[in-house]
Structure formats: C-alpha cells, structure tokens
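Next up is a structure, given as structure tokens.
Going by the order they are written in, the chains are A, B and C; count residues from 1 in each one.
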Amino acid sequence: MQSIFGDRKTIFILLGPALLLYTLLKVAPVAWSFGLSFFEGNTLRGFEWVGVDNFATFLNDDAALQAVWVSVVFAVAATVGQVTLGYLLALLYVFVLRKGSSLVRTIVFFPTILPTVAVALLFKSFVAVGDNQGPVNDIINFFGGESVEVLASTYGTMLTAIVMTLWSSMGFYAVLLYAGLLDIPEDVVESARIDGASGLRLVRHIILPLSLPILLSSIIFSFNSTLKVFDSLLALNNGGPGTSTSPLTLFMYRTAFEYAEYGYGSTIALVLTLLCLVFTLAVFRSTRRKVED
Amino acid sequence: MRKTRSRRFIPATALALAAITSLAACSGGGGGGGEQGGGSGSGSGAASGTDPDKFTVMTANENPTLESLLTQLSEDQCAAENEALPIEHQKVAQADVVQKITLLASQDAMPAHTIAGTALIRPDGDLGAAGLVQDLQAALEDSGGWENVLPAAASTEENVYGGFVSMPYQYNIEGFWYNKQIFEEQGIEVPTTWEDLLAAADTLQQAGVQPMTTAGAQGFPLTRLMGMYIFRNVGPDAMEAIRDGDAKLTDEEYVAGAQALADLAATGYFGEGFTTRDGDTSTNLFLTGTAAMTYDGSWILGAVNDPERNQIGGENVGFFPFPEVEGGEGSIEQYPANAGAPMIISAKTYGPKVADWVSCIAENYGGLALNEAGVISGFTVNEEVTDISPNTAEIQELISGIDEETVLWFEALFDPKSNSLASTNATLLTTGQMTAEDYMAALQESIDANK
Amino acid sequence: MALDISAPPAPTPAPPRATASPGRRRAPGWRSTKRVLRRIPVWILVAALMVVVLYPQVWMVLGSFKTQSEFLSNPALSLPETWQFDNYITALTNGNVGRNYLNSVLVTIPSVILIVFIGVAAGYALEVMIWKGQRGTLLYILAGIMVPGQMILVPLFIVYFRAGLTNSLLPLIITYTVMGLPLTTFLMATYFRAVPREIFEAATMDGSSPLRNFFVIGVPMMRNAILTVGLVQFFSVWNDLLIALTFTTRPDLATIQVGLLSLSDEYGSTQYGPLFAAVSINIVVLLVVFLALNKKIMAGMAGGAVKG
C-alpha cells in the first residue's frame, strides 16, 4: 500500500508540471520584485540600491499606514460576512432545497461574474442623493430622516463597499462550500439523525466539524483575496473621500505604476504579502487542533 | 509530525528565495539603466534616428477616434507616406499608459508614435531624460510644417511639457458653459468678474434654479475652479512659481483659491450630491436644463452636438471665459487650455520616413478631424469646413484667434503623487471635512516631499 | 471534541428534512401538510434572496435598453421609455467585438483546461500520495495566493518580451495558468482531504498502477469539485482585465474586457447603454456555460449518492 501511494515517479509526474510552472513563472518573478524593495527607481530609469530606506519610508508614511488599516478592516469584515453568508447558503442548498437547488445556486452565483464597474455603478445609484436620489435615502426620508450623502464619508463608503462585496461574492462562497458539503457521506448524516440530532444541533455537531477543512480553506482564501481588495473600492469611490478608503493594493498600484516608483511599490507589495501570511498562519493556528484529527 | 516538517521547510525556502532575489535584482538593475544612453538627443530637428519597419502608433483604448482618423489619413492624404512606411496600430488602456510605456521603453521597444504620461516626457522625466522624446518644433521647422501648428497649442505645450513634443491631436479650452435661455429669463448678464459670477449664482438660486453643476466625483473639475481663481488672482505664472519654489501654496493668495472653492460648495450652488456626481451625470444636468452653468472643457461639445443628449438645443448653449478676480494679476483673456493626452514621436526611430509622416499629419489632420469627427485640434484647418455645428465653429474660431498666452490647470505642473492628492482631497475640502489652509498645507507638504 | 456526536438524543424524533430522502419512511397525510406549512418560511426566504440577487441584474438588463440621457435622468429600476436595440447594435459592432470574443474564448478555454488538469494532479499528489515534504510543498504553493498579482507583471512582461512571445496570445494563457494554479491546487487538496482514505485504499487493491489510480479513481471521484473549480477559474479568466491589458498591445489580440474599454472616453464619460448591453450579452453567454456545467454537477451528485 505504502509503495503505491509513495511511488516517486507518479508523484513527480503529477506534481512536476505544477511545481515547475509555479516556481518559474510565479515565485521567481515575485522574488525579483521583492528584491527590488531594497532599490529605488523603475525599469526605465534603472534601479539604485537604497537598503532598507523603503521600509523606513513605509513606517513613517501616514498614507501607507492608513492603507494597511483600510485593508485589514475591509478584510475582516468582508471575510466574516461572505463566509458566513456563503455557508448558510450552502446549508440551504444541501439540506433544504436539495436537488432542486440548481437554479437558486445559479442565480445567487451570478453577481460574481458581473464586472465590478457595473456593480459599483449600481450601488452608487442606490445610495445617491440629489436629483436621482436612490432607494436608501428614500427610505431614510420616509422615516423622517434627512438625506445622507453616504459616499462623502469614510464610514459610508466602507459600509457600501462591504455590502457590495458581500452581495457579489456570497454566491461564490456558497458554491465553493456546497461542493465541500456534498462530499459529506450521507450515511453519517442519516445515522446522526436517527440518533436524534436535528436542526442546529446537527449542523453544529456533525456538519460543521466534517466541513471544517473546506470552511477553513474558504476563510483563508477569503482573507487572501479581500486583503488584496482593489477594484471595488476603486470603482466605488476612487478610494475616497480623500484617500481614506484606499487599500494597500491601490496604494501600491499607484506608487509602482502611476508614479513609476517601482522599488517602493515592491516594498508595499511585500508588506501586503506578509500581512496575508500573518492572517493565514493565524487561521491555521487557531484551528490546528481541529483539522489535525 | 507534520508540524515539525513544515517548520523545517520554511527557512529552507526563505534561503532559496533570498538567493534568487539577489541575483535577479542585480541583473534587473544593471539592464534597466545601461541601455538608454545611446538615444539620439531630443534637440535636433533633422531626422537623426533610424526608421522603424512600421509606423507603429499606440493610442488609448478610450480614444478610438484618433485611431480611425489616422487610418483614414493613411488611405488618403498620407497614402504615399503609408506606402513607404505602413502604419500599424497598438492599443493601451489610459490607466495603464505610464506602466506600459516605461516597460516598452526599458526594452528598447517604444512605438514610433505613442501616447505617454505628462510627467514622463518633460525634460527631466524618465523618457525626456533618456533622450527618447523627439522635439517636434525643431522637426516641423525643419520640414517647413511648423505653420500648421496653432500658436495657442504651441504655447500650451511649452507650458506643460517644457517644449513642443506632442502632436496636438486635441486642443481644448475651458470655461463656463451656460444656458442662454435661463440667463435671459432671469435677466442675468454674462459675468466678467468673480463677484458678478457669485451674484448671478445667487440670483439663480433665489429663483429656484440650480446655478451650477460639477462632476465632483472625478475631483479635477473641482480643482479646476480653484486653479482658475488662483490664476486670475495671482497671475498666469502662479503655478510655475510653486514648481520653482518661489511661492508656497500656503501663501495667502493661494489659500484664497481653495477658500473660494470651499465657499462655492458651501453655499449649495452645485446642488445636492455633487461630490459623487460623475461627468456624464453632470453634463446631463446642464443639457437637460436643470443646472444653468457648468465649468468644463471644450470636449463637452461632443455631448452638446448630440441632439439626443442635448435637450436645451445648441442655440441655447453659450460659452464665457473664467471671470476676472477683482484686484488680481490675471486677465480674462488668458484661456485655460490643454492638448489632451500627450502623443510623442520616439527620437530613436525618427528617421526620414517618420519625418514625412509627421509633416503629412500636421498638414491634414486639423481639417479631417474637424470635418469627420467634430474634434478641435491644435493644427490649422487647411481644408474647407463643411458641416459642423455653430457651437463647435464658435470655439474653433475662438481657439484659432488666441494669440495671448494660455494658462494651464491647477495640478498641471505637480509631480504625479501631488497631482493625485490634489483631486482626491478636493472632496474633503468641498464637504468641509478639511479647511482651505489644511488642504493647501497637505498639498505643499507632498510637493516638497516629492521634489 | 470537534466530533461530538454523543449529545443526548432529543425526545421528539421528527427529522425536519425527511421529505427529501425518498422512501425512508412513509409519512401520514397530516404530517405532509405540516411539512408544507413548515416549508413556507423557506420559500419566503428563497424568494427574498432571489429579489436581492436578481434586482440589480434586472436593473442592468433594463439599462441596456435605455438611451444615455434616459439612463442619466432616471437611473432607478424602471422600464425604458422605448425599447432601444441600438445599444446592442453598438455593443456588437463597436470596434472589433467579434475578434475580441474569439480571443477571449481562445485564451480562456486552454487556460482553464491547463489550470484544472495540472491543479488536480498536483492536489492529488499533495494530499493522496504519501511522501516526505508534502505539507511543506502545499504551504509553498499556498504562498502563491498571498502575493498580490500585480507583482509578477513587470518581470513576466520582460521575460515574454525577450522570448518574443508578446505578439501572440501565449503570454495570456501562460500567465492565467500560473495565476490560477495555487488556488486550484489548494482547493483540490482540500477536497481530496475530505475523502476518507479507505476509499482510495480499497480501490487500489486490484493492483492498478499508481498513475492509473489517479485517472480511474481520483479524477472521477472529484467530478463536482473539478467542475466547481473549473467554473471559478473560467469566470476569473474571462473577466480579467489587468493581465490582458499588460501583455497585449495589438488590437487584434484584445480580449472582450479590453474591447469594452472603448465604450468609455478619455474624459471619464461612459456609454452606459452599450456597456450594459455588452454585460447582458456576457451574462447570457456565461449562463449557457453555467447551466451546461450545472447539469454535469447534478449528474456528479447522483453518482455520489450511488457511491454513498
């Protein structure tokens, strides 16, 4: 048995292409870029060694620290929201709608594929004030409140961005988790039912532990993608008002590609990657006991 | 068991990465800097570069008109030049221009004729310093085509790029567009001073008409108003003085500009929700008669000429220049102008055949663009103008007649970072989340930091 | 602690989801009525969900029939004054849309096939096979999803340029494959982990070769997961703009997302009608793909049930 699952040739054939492509075309370029964290300049002007100056700049750069804060707040809120909603939807598909869930799944998934620009336009019109006041302010007016210019404030913009993200990504996480829930052997669930576990208790004691690996993967993936939020905050309010909702990616993109400071841009990217690493390890650590059965 | 294995793995990977990093960084750094030295100087007018195989033109995805007009030239007036050196198109997204050009130039692969970023092509910019930007005044003077360039366009380019280095495929002047009918109904004269403008706006507001609209979401329409106030108040050299360090944005007369904008916003003249209003919506408010005025560039003519969008009728759309500020150094005659996105000629590939292309375009583009697309360019119109709207004709005439110097816009001479800060912080200024003093102080700090 | 199924049994043994397990027990008439009543909140919930999700999509489709000034004057959910098909004509004739769609297909299909094939194989090798260093290698690949994608653009551009690949669609296919691999591998490893080892071990008894095991046992077992991951990658590749922009300059290599840019102008103005028309067309195309694949997922589910 051991020899069949430990066959070196097979491992090599199966893993080789992935490892080779990944190392050559992802790891090496990333290493190249990260190396440039210690340089100043761009590909045209040339690079000049500056040691850890870029890191010192980063730590003293108010805009950078603000961007870290924006990214972290967004990532935590969006991850909690989208994984929770996604999981609830997946439970709905598997245990309530069952085989009839196909259409619902499809429809809920659809917002994922709409271009962010269009989605942002839609949410902007929802919270609009003035001549084309959106439904949000209509409701506020109905209850006697004054119209609020949501996107003129930092909180309003963040809240809108998070709701927008949840709306467009919950279907995605639902499908991701759904595929995981499907793999739970039916007899395990059935026997638990016969033992009298039902509803919440069933979910908590049977389903949740069994779907923990995929749930964990979803959380990790969610953190890693929301920490790198880019286009939704850009399209919604251009990282504004001011730069108060500019995440690290937007700050990096502007620095590296608009201001042509590739060295400093790489430094920002490195910090972002470290942030992702910290979050991922934290998720791993906090649940280690549970996954390592 | 698994735990220890992963622990051991991490340092090993880190080491391997570090090794790759240092190698890659060294070779990258060396390659980037070394190859540029040989570019031909941008000062010479004679075709001193080597002709490429194709006349490769890189334009913005967002500007399909330019591509089709150049194609039209290649089939008609410039057919001979096209025969000698066939045109070939490339595209780049506007947001991606700086990155793409920097990359292509670093690989010695910049197209013969290409869109570029403003900061890159100035003499001290990355492309300018590498000697990749052809001086087109020298080039056109050499080929006898300089007379095809409008003096106003030459003046604008000199101001913003530090030389005539871009083909002025568009030339826009800016000012207030107003609804003639509303002005007449309210008995308002075209304002010539800032006080008059405020009085007019007040009259309109009293009468229940929204006085102005602006696309606050984009930021720059707001800073334009502030910048023009400063130009009228301090004089046409106001922003050059900031660039050269002869004045500070925190000086009283500059802060007055920010204050003027903040006051304008605070009185509610822009209408509710202006900070999130985009360009299309703003233009629409004006063209449907909701707002009486809007400050905008002459690119608005595209919408003005579209009967489907313009519901007030072209005959009701008027134009007046930004008014004077009482006691200020600037004059109402100094029109703010810009020449669109820069389109440079690579000095490296500026050979005789490219030179022929450049003179052919300069001679024929102005007329073609005006007749075919209603686009006003910085070239003279050398053919009979047949079917253009009275609004376009009015602006075209105005532009051809400008012989005094033009002024730029507020952030034109800033470094890219301060440029972006100026427009992003404009929302904070106009919603009262930032005072005029703080706004200017933050901006000045950014300018100083990026010197 | 996690697998705590020793909770005291609840006194009333009425499994609420029993309707969906056919033939398990025969339900008396009053019980099924009760079940229908119990289902009502579920249907209300699903209906509310549909409204929340569909409203914006309907808004977008309606927008695709409006003229520019109509859309700007009245962006709320409302029927267009007249049903304008002009936007669709603009969207389908603007620039070189046919070529753009073809390029998108030519790029997306090979990329997704490569991603799925290589990723599933790697996931199998990392989770089902047993060897020293598999955990570390998984972490090494996982690190790939932590890096901001923008960081590989400049180095890769230079590599592709020097290799003379920039005048083809190859850089796009290669880059999408590499970008999609870490997530796919990671997810596939996770899905494989959920399968009890005994199933693999039982299946290998008949002496088939290790590589054959992967194709005959591993792949069919993961049909659902493979389709899900493939679908996710399909959409992310199809909707990508960043990479498509960076590695192509020739208009005849532009994908549909790049082509859509010409609906905006240099001063930030956008032709909303044609943009929404293009998005609506996209929705229909993708809907077809999605439904076709969903059928397969359903089939896979049935297969899974037989297995269980």
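Quick note on the criterion: a contact is a pair of C-beta atoms (placed from the backbone, for glycine too) under 8 Å apart; a residue touches a chain by one contact, two chains touch by 3 or more.
The shown structure was predicted, so the numbers you read here are calculated from the model rather than taken from an experiment.
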{"item": "Greatest separation from chain B - chain, by CA centre", "value": "C"}
{"item": "Chain nearest the overall C-alpha centroid of the shown protein atoms", "value": "A"}
{"item": "Chain centre separation (chain A, chain C; CA means) in Å", "value": "15"}
{"item": "Centre distance in Å when chain A and chain B are each reduced to the mean of their C-alpha atoms", "value": "36"}
{"item": "Centre distance in Å when chain B and chain C are each reduced to the mean of their C-alpha atoms", "value": "40"}
{"item": "Junction residues of chain A, two or more chains touched", "value": "27-28, 32, 34, 43, 128, 132, 256-257"}
{"item": "Multi-partner residues of chain C (at least 2 other chains)", "value": "72-73, 137, 154-155, 158, 272"}
{"item": "Contacts with two or more other chains, residues of chain B listed in rising order", "value": "2, 24, 28, 96, 99, 103, 106, 281"}
{"item": "Sites on chain A touched by chain C in the complex", "value": "1-2, 4-11, 13-15, 17-19, 21-22, 25-30, 32-34, 43, 89, 92, 95-99, 102, 104-115, 117-119, 121-122, 125, 128, 132, 134-135, 167, 171-172, 175-176, 178-180, 182-187, 190, 192-199, 201, 205-206, 209-214, 216-217, 220-221, 224-225, 228, 249, 252-253, 256-257, 262, 266, 269, 272-273, 276-277, 280, 289-290, 293"}
{"item": "Contact footprint of chain C on chain B as seen in their complex", "value": "2, 5-6, 8-10, 13, 24, 28, 58, 60-64, 89-94, 96, 99-100, 103, 106-107, 109, 215, 218, 278-281, 283-284, 287-288, 297, 299, 302-303, 308-309, 311, 340-341"}
{"item": "Parts of chain B lying in touch with chain A, wherever the complex brings them together", "value": "2, 17, 20-22, 24-25, 28-29, 32-34, 36, 96, 98-99, 102-103, 105-106, 117, 120, 126-127, 129-130, 217, 219, 271-277, 281, 285, 290, 415-417, 420-421, 424-425, 427-428, 431, 433-434"}
{"item": "Touching residues (chain side chain A, partner chain B) in the complex", "value": "27-28, 31-32, 34-36, 38-39, 41-49, 124, 128-133, 147, 149, 151-152, 237-243, 254, 256-260, 292"}
{"item": "Contacting residues of chain C [partner chain A, same complex]", "value": "1-5, 7, 9-11, 13-17, 20-21, 42, 45-46, 49-50, 52-54, 56-57, 59-60, 72-76, 118-119, 121-122, 124-126, 128-131, 137, 141-152, 154-156, 158-159, 174-175, 177-179, 181-183, 185-187, 190-191, 193-196, 200-201, 204, 209-211, 213-214, 224-225, 228, 231-232, 235, 238-239, 257, 260, 272, 275-276, 279, 282-283, 286-287, 290-291, 294, 297-298, 301, 304-305, 308"}
